[in-house]
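Read through the structure below, which is laid out as structure tokens, and then see the notes.
Chain lettering (A, B and C) follows the sequence in which the chains are written, and residue indices restart at 1 in each chain.
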Amino acid sequence: MSENLIEVRGLTKKYGDFVAVNGIDFHVQKSESFGFLGPNGAGKSTTMRIIAATSQRTSGEVSVLGKDPEIQGPQIRAHLGVVPQQDNLDAQLTVSENLYIYGRYFGLPSKFIKSKINDLLEFAQLEEKRDVKVEALSGGMKRRLTIARSLVSEPDILILDEPTTGLDPQARHILWDRLFRLKEDGITLLITTHYMDEAEQLCDRLMVMDKGSIMAEGSPAALIKKYSTKEVLEVRFGSDRNAEMAPAMQQLCERIEVLPDRILLYSDDAEAVLESIVAGGNHPNTSLVRRSSLEDVFLRLTGRSLIE
Amino acid sequence: MKTSRAVAIAERRVGQPGERYYAGRARAVMERSFIAFRSSTWLIILSGFLEPVMYLFSFGYGVGKFIGDIDPGTGTMISYAAFIAPGLLATSAMNGAIYDSTWNVFFKMNESRLYHGMLATSLGPMDVALGEIGWALLRGFIYATGFTIVVAPLGLIPSWWGVLAIPSAVLIAFGFASLGMAVTSYFKSYQQMGFINIALLPIFLFSGSFYPLTVFPGWMQGVIKVFPLWHAIELIRGLTLGVVNAGMLTHVAYFLVMIICGLFFTTRRLNALFMR
Amino acid sequence: MSVTRSERKVPKFGARYILEARIRGMMKFFWVIVAVAILNPLLYLISIGLGVGTLISNNIGPQGIDGVSYLTFIAPALLASSAIQGAMDEVVFPTMDGFKWGKVFFGMNSTPQTGADIAGGVFLGAMVRTVLSVGVYSVILYLFGAMDSPHSYLAVPIAIFAGASFGAVMLAFASYVHNEDMFFTIVGRFIVGPMFLFSGTFYPLDTLPIALQFFGWISPLWHATELGRYATYGHSISGAMIGVHILFMAVMLVVGLKIAFRQFQKRLTK
């Protein structure tokens, strides 16, 4: 039996004449890991902030745990853990003081928070940094601390706005591992990202957004299946020749995308496509056969790359 | 769904007036300031006492040597140091409150994004405003007490009414802090913030800390009497010199109005800023 | 590419480019700077000069201190004080911003600019502001009749010199700073505050108990004030003391800049 924690209908947000979110509908179920995928400016963060009761909508209906964020902001936020895009840790305080005071903002008793701090530090792998000022932490550590901080109130829903942007690959993997554990504990995750691999790793269900609207919705595998082929061939003939080579290859595949630096050929057997190109006497500078990803879904839906 | 402790605490306020803006936890914000303050060095803590004391010694005793005793408008002559001591107490209450509520708040709002973090929890904007102002007042109270303790043994507070100078200093700080925070919440750039300092300079120099207003022509006295610091100084000087009358309630009323307006605009503006 | 490698040179006197950047930075605060430059002297002269001056002349007569009006007495001190304050603001904030807040110095240093160029440019920028505020200040002093004697104009270079020597020392100090909260407290409350109040600004230094006079001796403000009073109304000082005053400020200037140039380079390449 599934239960809708979040329900959104016809949500619109305007800043003056600019429409950031344009009449979107969606819902999120309990214990689901739900992702918003889209480029910068797609309206992901705005949508998240409205759900987190830190932004007021222009029109539409929003219900979080059966409450309206506009009216019961503090009560809704008591259920949430928020990890913002830009870290806003308290630079004047130490790591453990940051966890402590954040709990106090929720009104939690000191004793209760203090009993949780060790677990949170362990979760964030920051036991040794306990009494260090936040300024001295690396980017990855700060992110982990921000996540640990958001857990101090034992939230039902965790909101993560681009949790791994700016982190090195190792730090990202550590973070993904931590988020997986939370998912296993049954916490509902709401994640925005513009990384395909992150969305594929973490999300049960995805909403692809562009220019304030929903382009598609479904599980990562279903989206790939619906909007792309099994495989993709990437070939490069050099920036000057890509466009001129494209027409000759069009009939070899199901679909073709010409990007400034490379050509993408969609087919269920990309290896065969490459063989036909070479057999036709054309030799690309480089070629790559790979599985379709969400990047291809996004390209298909919007005609643009996700990260520009 | 299992109800977490944080949720249970937040639910307690359901149905109370202003539940959207105020979670009844301004003290959590004050606690944060206390933790940050605790880790600063004694030098910074001590320095808050220093400024008015330095002015007292430099002007009260240095310049005072050439001024001698003056009549504060009561008909009895007092030493110049006794004349400026209440002025300096009022001025330092103003300066401390203004600093805490302008530059400090501006930084937390725009650079460190501290309030963004606070308002992602179940706190409301009114908690933040009251908590920050409350902390400024607590500090102001401590500094005012410290100054009084330094000054009283020097014979500069001749009346027992002077004890009331401390709560008055807190009232004054409250007025300036709420107004300062309201103004700051509307400012967006460092340039605009620069004008706060410029606006404070005439208030500091002309409100009657250093001389009775009678040295100036009548029209200037009229202008000065609009300044909040003039009311602050009159109130505190009346108390320390023991010249107390019902008219002093107008000074108190002046600050009460300032507090109400300041709080109203601060909460409204913080709500608009963070709920954008 | 239009410029070949051999044509690229490291610019001579790189500080001028940093100076340009600083002036552009200051222009954003143009109206704040102008308002401070005009209001500061006006308000202080009316409030302290005339207000406190009235109390003093009520008690000991119109020429009670050093044989001149109180306004004339404090004028050279306020002039030097504004030079010092302006110079300090324009070295301290850009340096904190350059090393810590916005880290712009590191960007500058990835061009051919050296640490010394950057320090020099920041210093020159502060001097531009100092010259401007001293200029405005002296015009206002002149209008108040506080610079009537024939040598009064000398108070202008003296004040700028004081700004330069204190600015140089603060540039060096700021370049070492990592904890700015502490730094601003120390500078504001323990250096600039006492300097302003205890440098013989508002009454002759020897009025103070000897222990407090010490503040004056090590303060460029006192040295500049003594020289300024000599220039504007012929305050009596010996020739030897004139030398001491000039030498003291010169040493501050040279040592300050030397340390700053070295430390900028060191911190940028750490």
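A few points about this structure:
As a working rule, a contact is a pair of C-beta atoms (placed from the backbone, for glycine too) under 8 Å apart; a residue touches a chain by one contact, two chains touch by 3 or more.
As the structure is a computational prediction, the values presented were derived from the model and not from experiment.
Of all the chains, the one whose CA centre sits at the greatest distance from that of chain A is C. The most centrally placed chain, judged by C-alpha centroids, is B.
By number of C-beta pairs in contact, A-B leads when B-C and A-B are compared. Between the Cα centres of chain A and chain C there is a gap of 52 Å.
Centre to centre, using the average C-alpha position, chain B and chain C are separated by 30 Å. The mean-CA centres of chain A and chain B are about 45 angstrom from one another, to the nearest whole unit. Those residues of chain B whose C-beta lies close enough to touch chain A in the complex are 1, 4-7, 9-11, 13-14, 19-20, 23, 25, 28-29, 31-32, 35-36, 39, 112-114, 116-124, 274-276. Only residues 28-29, 31-32, 35-36, 39-40, 43-44, 46-48, 50-52, 54-56, 58-60, 64-65, 181-182, 185-186, 188-190, 193-194, 197-198, 202-203, 207-208, 212 of chain C touch chain B when the two sit together in their complex. Those residues of chain B that touch chain C in the shared complex are 40-41, 43-44, 47, 50-51, 54-55, 57-59, 62-63, 65-68, 70, 80, 190-191, 194-195, 198, 201-202, 205-206, 210-211, 215-216. Interface residues of chain A facing chain B in the complex, by the touch rule stated above, are 15, 30, 52, 54-56, 71-75, 77-80, 82, 84, 86, 88-94, 97, 100-102, 104-108, 112, 153-156.
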